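Each of the next two complexes has chain A plus one more chain, namely chain B in the first and chain C in the second.
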Partner chain A sequence: MEQIIQVAVLGIGLGGVFALMGAGLSLVFGVMRIVNLAHPSLIIGGAYLAYWGFRIYGIDPLIMLPVCALVLAATGVLFYKVFFERDAKSATYSEMTVLLTFAIAMIVEGALGAAFSNTQRVTSPSYATDAFFIGNVFIPKGQLYAGITSIVIIGLLAAFLKFSRLGYAIRATTQNREAAALLGVNVNMVGLMSFAIGIGLAGAAGALTSFVFSFFPAKHWEWVAVLMSLVVMGGMGSILGTVVAAFSLSIVAAFVGTWIGSTWSTMTFFLALFLVLLFRPQGLFGEKPELV
Partner chain B sequence: MSDFLTIKGITAGYGDGPAILDDAKMTVQEGKVHCIIGPNGAGKSTMMKAIAGMLPLRKGEITFKGENIAGLRPDQMLRRGIAFVPQERALFPKMTVRENLRMGGYILNDDKALSSRIDEIFDRFPILRERADQHAGTMSGGQQQTLAMARTLILRPDVVMFDEPSLGLAPKIVREMFQIVRLIADTGVTVLLVEQNAVMGLRHADWGVVLDLGRTLFEGPSAEVLADPRIQELYLGGQKVA
Partner chain C sequence: MHAKLLTAVVTAAAVASPAIAQDALRIGASLPLTGNFSVSGEKHEQGYSLCVDLINESGGLLGRQVELLVSDNRSDNATAISQYERFINVNGVEAVFGTFSSRLTFPVASILSRNGFVHPVPAGGALRIYTQGYEGIYYLQPNAAEYVGSSLRDLIADRVDEAERPSSVAIVWADDFFANAVAAGLLGQQVMDPADGSLVADLAPGYLVESGLEIVMEERWPEEGFNDWLNLANSIKNSGAELIVGLTASAEEASQLTRALQTVRADPKMVYLSQGTQAEYFEGVGSASNGVLVHTSWHPNAPFEGVLGDAPFTNADFIAAFEEANGFAPDEDSAIPFAVCQTMAQAINATGTTDNQVLDEWLSARTLEDPVRTILGRFAWDETGLPIGKPFLMAQWQNDGELNFVYPLDEFPGTADLVHPKNGWE
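Take a look at the complex of A and B:
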């Protein structure tokens, strides 16, 4: 029993971080139909920012988190203006963004490698290696803080989307772009803002990642497939679906890792993806595609 | 004609394609229900989109209250008091009825006014109050159409345009839709609508506009249009309609 709780706790901690990583990806896809393969590489970018903030100035990564989010959001605005804005009306936009973001991912990886070398890094505030014990259940503080922070940020994101005027506009644009434009929503501005928010979330996730995982520039390849599987499973563009998928699969993956072997734990995501595509291709919270 | 809304000489098409509308026109009288009819491919929906600003005009004149509004974007039309519901109803399926209504008043940017206007809509359409917190996409076709039409009223427009509000609805529900159209017109709002079923449309309208091959064939009081032999010829090559 204790072992079950133990594994579940570890799974939830990681689930929070994956949920935050996936939420930004899902938002950007939902509003802009951009399949952002560069998302995880930008998370690594955020992680480096937090790492150097700690290494050079001793700033706690949790304090660096808003800075990472803002810097990455600004990068997002820049990328959007340079790469994504002009072709937004093309019929093959999503397909083009797959290639484009693949290229951006490699460029970001290369730039990070050139600047910071390919050494494995991990931000090491005191809590990163510390733990609580509740009974015999071991709770690593780093994962706990990262998980809680992720949940808080996702909660804020949800409230923002639910109640703010821009949130209304973002949801409306996701669900029916033409109708939103018809009602006076500036859909280009909404696209830019959601892209900035999505990439900003990557920055925030990066700050958390920096003390939960050890990372290096090419690490994002490990995540891109996992995150894509979360987004597809949740239902393309459904942030709630992505979050639910992240938590449930991380917990399952933790059990698989413990009981079957850690080599198999990543497989959980792909096996689940396979099953979802087989039995519910629109994803957990997705709309059934219309047969037109 | 009157200086309320003038629509004439409209030429429009999609992309670089041929002109779907060629020199179409219609007369609009304030506070009346106008029905655009015509066979498939006559350009009814295209005409509506061209008026609403969803299609660029190649030629033509649209003036509203003395202002030239040809070539404005749909949201600019909206700010001037002309609202449009396209054929696909244009709802947000995963937003609640109330949220959809809030989106209807997006350009209002005034929370208090918006809430009170939504309350007014709920008073006029009790079914929407009943469903206020339900996702729009889970409602029946008729309820969705009611919501789409009611949503345009949030901004208290002078003119509303509905592109085939009866599409995909059962006959009984279609009658309800036309009752709603009449209710809207009774408050002084001018209604322009497209209808595939000419007889049904004309029976519920004050003014009929007959399009064929992108041109206005003729127009007039709907009873006269309905009785006109040219209608039967146009639709069924001389056979009786309905």
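Take a look at the complex of A and C:
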């Protein structure tokens, strides 16, 4: 029983980190229909900011988190203006953004490599390799703090979307961009803000991942498929779905890794992606597309 | 875009005038400057570049300046193959330096052999690479990866009191060409030729069994995308193993595994990793590294005396030159490619030509009495291209950041005392 609890705890801890990593991706797709393959590379950017804040000034990555979020949000505004705004009305916008964000991911990787070298980094606050022990069950402090922070941020995001005026506009645009525009919503501004928030979440996730995983510029290729599987399983554009998928798949992967083998734990995410696309392509919380 | 994402051309500093550039001796190297192997790929580029710069400063090779062409293969096999073909058929290189990792070296070896090029390999230790019958392939590390485990076996036998020796082992490894090869030797597996399924080597009973160890856990993790380190470490801890063997494919994985073992408070007597000599490993794990054993091909204190150009060039010279050029200390990922470059330079100087057939004949004729001399020591090769009579060095992290060599005992003076048993992770 202890073993089952232990594995579940580890799965939950990993799920908390993945939830925030995937939330921004989901938001950007929901509002802008941008399949942002560059999202994980921007998470790495946030991780580097947290790393250097810790390395040079000794600032805890949890304290650096707002800085990382703001810097990446500003980067998101810049990217949106330069790369995404012009073609937002194109009928093939989503398809175009797949290629565009793939290119951006490579540019970001190259820029990070030039700025910080390709050496792997990890921030090492004392809690990153420490754990609480309850009997024989341990709760890793790093994942616990990262998971709690993720949940708080996602909760704040949910409250913002539900209760703020801009949140209303974002939700309206997510549901029907044309109808929202007809009702007076400045969909371009909503797109800009959503993109900035989404990329800001990448920055926040970067601060957390900086002490949970080691990272280097090319690391994002390992994350993109995992994050895509979370977003697709949750339902493209559903932040709640992404969170549910992150926790459930991480827990399942932890059990698979323990009782079947580590080789198969990563496969869990891709198997889930395959099954969802096969049997419920709209994902757990997505809406079934209507035939026109 | 960052230059390394384009086909990068790193030109030696001394190549200044068009006249010299036209007559430059071109050498090509495809390296993983981006992608999963980028950490080591970048360091390989630094090692190659430093060597070429030093050669050019001392007058070049055969009176010609050397131009190093480096392309980023993005850690991708197909790209590495096409880049070497381009070097040979388009860029007109006269020699090549090898790439990083067994996975990339395996297909590249076929291309270079087919084109009659000497293939000096900095990192590509899987035995299967050397049993394909390729001409002109020369490995610049002590031995094939399958035989790395013999150093661990011998270290336990020679340096650990019988009463203090670990009795059980958990072996975990990346599903990677190199790590699989090391695991095969430790576990005593059969190595098969991927081309025809024939037996390359039967490594039974394996170095772990030969050390009297009971294998209580065997686990492999996927080559890419693995994040569940704490779960893996927890399983290792629960196995109760007194020796943990972690065959990581990169320093990054070594760091992740060590941090996870520290977090779950695993309590082994001994930890051996296949990667982790790099400064970044210590930066990532800090004092948890104390007592961790790593095999290595190079050590800063090793008093090896090589040759560069026609002049002696010691390991200490290399460290000084590297630090002056880069502002930080080198590790083996830069030292090994430097030795590759030294090897080719000696062959070209000795034969007075860049005819690869002649270079191959000269290199294959090296003996332990008349070897190639590098900052990794002396090299002579058997008919497969594997070095003769070179043991791996076993190093151990000690005293919060010192990487001291602890085995073998008689290779050169200065072997440090072995810290055993490992005393926790703090």
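Everything below uses one rule, namely that the second predicted complex is superposed on the first by the 292 of 292 C-alpha atoms of A that agree within 3 Å, B and C clash if a C-alpha of one lies under 4 Å from a C-alpha of the other, contacts with A are read in each partner's own complex, and residues count from 1 in each chain.
Here is the rule we use: a contact is a pair of C-beta atoms (placed from the backbone, for glycine too) under 8 Å apart; a residue touches a chain by one contact, two chains touch by 3 or more.
Just so we're clear, the structure is a prediction, and the values are computed from it rather than from any experiment.
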When chain B and chain C are modelled together on chain A, clash or fit: fit
Touched partner set for A:Val31, first chain B, second chain C, both or neither: neither
Partner chain(s) touched by A:Asn118 [first = chain B, second = chain C, both, neither]: second
Which superposed partner A:Gln175 touches (first chain B, second chain C, both, neither): first
Angle at the Cα centre of chain A, taken between the Cα centres of chain B and chain C once the superposition is applied, in steps of 10 degrees: 150
Partner chain(s) touched by A:Met21 [first = chain B, second = chain C, both, neither]: neither
Chain B versus chain C as contact partner of A:Leu183, first or second or both or neither: first
First, second, both or neither for A:Arg165, with chain B first and chain C second: first
Chain A: partner with more touched residues, chain B or chain C: C
First, second, both or neither for A:Thr266, with chain B first and chain C second: second
Touching partner for A:Thr258 - first (chain B), second (chain C), both, neither: second
Per-pair minimum CA distance [chain C against chain B, superposed on A] in Å: 35
Residues of chain A contacting chain B in one complex and chain C in the other: none
Chain B residues touching chain A - in the complex, by the definition given at the top: 54, 74-75, 78-79, 84, 86, 88, 90-95, 99, 102-104, 106-107, 109, 137
Residue ranges of chain A in contact with chain C within the complex: 3, 6-7, 10-11, 13-14, 106-107, 109-111, 113-114, 117-122, 124, 128-131, 138, 140, 142-143, 213-214, 216-218, 221-223, 225-226, 253-254, 257-258, 261-263, 265-267
Footprint of chain B on chain A - complex, ascending: 165, 168-169, 171-172, 175-176, 178-185, 287
Parts of chain C lying in touch with chain A, wherever the complex brings them together: 1-5, 33-36, 38-39, 41-42, 75, 172, 175, 219-222, 224-228, 230-232, 234-235, 238, 250-252, 255-256, 259, 262-265, 280, 283-286, 288, 425
